[in-house]
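Letters A, B, C and D mark the chains as written, and numbering starts fresh at 1 in each.
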Amino acid sequence: MKIGILNGGGDCAGLNAVTRAVVKRAESYGWEVIGIRYGWDGFLRNDTVKLSFPLVESLIGVGGTILKSSRTNPAKRPDGFQTILDNSKKLGLDAVVCVGGDDTLGVASQLYKKGLNAVGVPKTMDNDLSSTDYTFGFYSAVNEATHAIDNLRTTAESHDRVFVVEVMGREAGWVAAYAGIASGANLILVPEEPFDLNDVISFVRNRHERGEKATVIVISEGASLARKGSDLEGKVDEFGHVRLGGIGQLLGDEIEKATKFDTRISILGHMIRGGQPTAFDRVLSTQFGLAAVDLIKEGKFGMMTSLRGTKIVSVSLEESTSRQRLLDPEILETMRKLSY
Amino acid sequence: MKIGILNGGGDCAGLNAVTRAVVKRAESYGWEVIGIRYGWDGFLRNDTVKLSFPLVESLIGVGGTILKSSRTNPAKRPDGFQTILDNSKKLGLDAVVCVGGDDTLGVASQLYKKGLNAVGVPKTMDNDLSSTDYTFGFYSAVNEATHAIDNLRTTAESHDRVFVVEVMGREAGWVAAYAGIASGANLILVPEEPFDLNDVISFVRNRHERGEKATVIVISEGASLARKGSDLEGKVDEFGHVRLGGIGQLLGDEIEKATKFDTRISILGHMIRGGQPTAFDRVLSTQFGLAAVDLIKEGKFGMMTSLRGTKIVSVSLEESTSRQRLLDPEILETMRKLSY
Amino acid sequence: MKIGILNGGGDCAGLNAVTRAVVKRAESYGWEVIGIRYGWDGFLRNDTVKLSFPLVESLIGVGGTILKSSRTNPAKRPDGFQTILDNSKKLGLDAVVCVGGDDTLGVASQLYKKGLNAVGVPKTMDNDLSSTDYTFGFYSAVNEATHAIDNLRTTAESHDRVFVVEVMGREAGWVAAYAGIASGANLILVPEEPFDLNDVISFVRNRHERGEKATVIVISEGASLARKGSDLEGKVDEFGHVRLGGIGQLLGDEIEKATKFDTRISILGHMIRGGQPTAFDRVLSTQFGLAAVDLIKEGKFGMMTSLRGTKIVSVSLEESTSRQRLLDPEILETMRKLSY
Amino acid sequence: MKIGILNGGGDCAGLNAVTRAVVKRAESYGWEVIGIRYGWDGFLRNDTVKLSFPLVESLIGVGGTILKSSRTNPAKRPDGFQTILDNSKKLGLDAVVCVGGDDTLGVASQLYKKGLNAVGVPKTMDNDLSSTDYTFGFYSAVNEATHAIDNLRTTAESHDRVFVVEVMGREAGWVAAYAGIASGANLILVPEEPFDLNDVISFVRNRHERGEKATVIVISEGASLARKGSDLEGKVDEFGHVRLGGIGQLLGDEIEKATKFDTRISILGHMIRGGQPTAFDRVLSTQFGLAAVDLIKEGKFGMMTSLRGTKIVSVSLEESTSRQRLLDPEILETMRKLSY
């Protein structure tokens, strides 16, 4: 038996630990493992590397992906799917472990229907996949963001400043919510609940008046304004999204303009997605990697690994990619209880 | 309304975050919060401190417990229960949030039956409570242990050494299992599965023979030998438990004696239980703290908070303390798949 | 005896450790310590807090400053100096420990000449004081920046991207140089050596052509272009400084425009200055705090603490504030040797 | 030109960063670099590996040594020196960079006199080399130890316990002193100043009596008792050194026996020497690696790199190995000022 493994979409902490576990488990069955570089792009070009356990053993705690990744979608290439099916044969692959988010797993699902023996492993730093309770990369990113916000808070309090901290999250506010709760942020703004600029300004002002002069606001990059921004001089589009420069920058500027309080903006950006996986993510990615190989062993193609409670289960690739998972009402309620 | 909060048993990361959330939520209802110091011991002596949010706001990331803790069991004191019921009245407490492990929550359950309006929050660094999927403190400890073992591995590999790393866990091997998996340990030994000394020695020798000269073994302090230790000169009792000096020390000594490989022993001990909570533990302890106050609000005395999947639920204190949770077969199976 | 302590200028890691050591040492002499809040601003307003060791004991590893800080310069206030001299008498202060950078220490020097028993402790995250080899806060910031760049590099390599990372440093490139060297950055750009945009673009392109497709560039916020930016459409002023949006953003945009390589920009900003001090900074700030009190004990007013080699010495406040310390030729040479 | 590089003695953080810098600098001159594995042992056996920058580029932050190390001393092998001189010729080496402590550098010095073109780089986690102000590995170890003691302190304070923390340091107390100061330890015991057991017990008791019930004591493994241990039932030898089980264990046991206070012992051991180098150590080891190659370039054989103040200088290998560097009086004085 010979199996392939590829990573699609943005990198996150734990990808190498999945690869390591896949190689470990496959070798225990006497199988060969081929790393397909740059995701679907590399599959289209037959850009591969032979893997063995000594090559990947030390990578359990190493961020990023040695397989490299891309956002290439073969559906958008002429004969994309067919090329991959052909290349799979040329490479002699009996099955392929596809590690990625909705896009990557959606392609895996389509290729499965066309005959590729694909199994999936969910990956998203954003935690917005409906097919699994958590996936690796999320808690590592939350830990990094929490650390950064902890740091910023010491400066905010030393100087009685307002800090607006923007974190990744275009459609869902998971990172903002968890890092905001974990760092004791005073206010958390997420895409799921558009905010009113005047409410935020009042919130900051009220804190200041009662002596809480340092305020830390954590905001998702995808957060938007509840009302159209007629008073924001065209900076916001008809859906409440900032046109240019980021919602964190806009919010910080408006708070400072309205309150005259010393306000700083920090865009955490990519800094939180790279780097070493936490123990949680190392264990989960290892479990997913082992389980993916066992799906192949059992011939369960078209399936992907998933965490439900404390159990590793499998779900169909097709279902997995049907809808995005937004913050649930319980977390939104938790955020409200902590806003002060 | 006036409520109390106390911490019982060993400290772990996240205790202060629970206190912080309890105060925050209680104050939002206009309630007063009294910190009872040193767990049940302080309750017996009316050793209390008035809490308010400014006092605890900055503690979300601070390890240990500002309330301090003890292992005092009022059942073992003359009139212990009655003294606490009396003191609760003297203090004017309408309810008490009891944060602790099986012992603390067991006492809370008994006091509830005698009339105390107790609610519980589960706490264990060891993750061995059956009443909740996870509780705070565990993942922080696993992260610290993983970091330490990562460090030890670099030394093991630089010098082709065997390292035996002993971690906390008397009855259950959760910390060893998770930290061992997360750090890529070569072998993990836990109380749930007594081990054969000769098997371990063969394992190390086999690795060495095929060129894997560095070996990292993670072992729970409560691990025991499968066979009686007649060949160990009385170092082990009739149940396979080491008599003196720790199982890690015994194992390391025996490996070195048998193989002549350079072998070092590291006892992580308390080092992993203190310190800052991870983001995971900060969020969970905050959720538990908020939920505990809401249990009081809803009059659900005799109940405790619990994590099931991604949901915070409540379970009865009585049930919660009925049995210890050992490593489930899935994790034992994962450990086996990774032993090499 | 009664002494005061104040912090001026931006916060950095280690300020609380200085305060802790000052209180410890002063109490060993039986002296009282008054914390003056918000630097010179608080001195003008008599905003003070009585300090004692139990209040500060646990702060050795806590970032920011519990005394809070400001950039207020009493020289710019009517009767500013006289108000402080008067307030010092009102407060009954026999001496004042002034902790800050050039501005704060310059004011301390002037007040000393007017009769205030001032001693100084140098503080700068930027490491640009000529009066001391190093001061606390710098290495903590470099460690944080290095960690962030380590993280960004994993993403850069996973996606074959160019990352431009901007760090603090308006006049001097110490943070960029040290964090860049420590993180293995491919190119480091500092204020001391204006850069040619085309050279940087060629550098990135050459790396790409020889297969090094990920490139990490670390740049000080104060870096500037060597040639006037006629081809940059007015984005740069006559001194080569970017007009709007930051030099990191400009550089990243221009690299992407010229090379078409996927390029990301990360502005680390305040994130690196807050947070916990490293052991190096904790030891140094403790030594400085102890030494500052001993300067008072010995009547050495007008002096400040300083690190020379491995020794804590004292230098005059007046000299200390005479010139800024730029990167020395040795470090610039080191950076060149590592550019590849 | 072809040069070799080897690592001798115990591993520490920064060794790989030296190798990386040596390869980088040598390749800039067009030289070849051969890694000699396992220190002098590998040189005796011609166990080598060809190095190139892509192999080592990512190792700047990786602990341990990919070259592996040993404590083999060729002076103790028959024809040891001659074998190395012969092997150097066989390998075609024009020079060798020897990275290690007093033992390794002493051998390098002897081989230099016999004709080997050796240059040295000082390495010691213990900071006890007289030939350099600091070397890499020390501050990384101090940072790890400080982190561990910070954690232990939270537990000590949560339970009003005494903690005795033993750290590496047989002859000199650098790690204990710096980690103890940085973590705010209450008492620091080092080899340089033998201690009186009764004094320590009184110290702990006095703290307890005035309400300071948690006490953290940091002790070097090489610390010894000032008086002969007649009252310690033979546990201590005639020089005051513990016979069995470690000085930390002895001290903790005796404190608990005398005071009845709950006392715990933590032996940090190897845990602090492995792992990632701090930014300080990464910069210093990079500077040393570059400078070592430049010593070869300039034909300065028999010399080693050294840090003096903020400058990288060179000193003769012969002088470097003449005497051990104990804690200087200034640090001992600092420790005394902080004991409370």
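The definition used in the following text is that contacts are C-beta pairs under 8 Å (C-beta built on N, C-alpha and C of every residue); 3 or more make two chains touch, one makes a residue touch a chain.
Just so you know, these numbers come straight off a predicted model, no measurement behind them.
Taking the mean of C-alpha positions as each chain's centre, the chain lying farthest from the centre of subunit A is D. Rounded to whole angstrom units, the spacing between the C-alpha centres of subunit C and subunit D is 30.
Centres computed as Cα averages put subunit A at a distance of 41 Å from subunit D. The distance from the centre of subunit A to the centre of subunit C, with each centre set as the mean of the Cα atoms, comes to 34 Å. Shared interface positions of subunit C, i.e. residues touching 2 or more other chains, are given as 150.
Pairwise, the chains that make contact are A-B, A-C, B-D, C-D. Across the complex, subunit B is touched by residues 7, 10-11, 15, 62-65, 68-70, 144, 147-148, 150-155, 157-160, 163, 264, 266-275 of subunit D. Contact residues of subunit C toward subunit D in the complex are 20-21, 24-25, 28, 53, 57-58, 60-61, 133-134, 139, 142-143, 145-146, 150, 178-179, 181-184, 278-280, 282-283, 286-287, 290, 308-312, 328, 330, 334, 337-338, 340.
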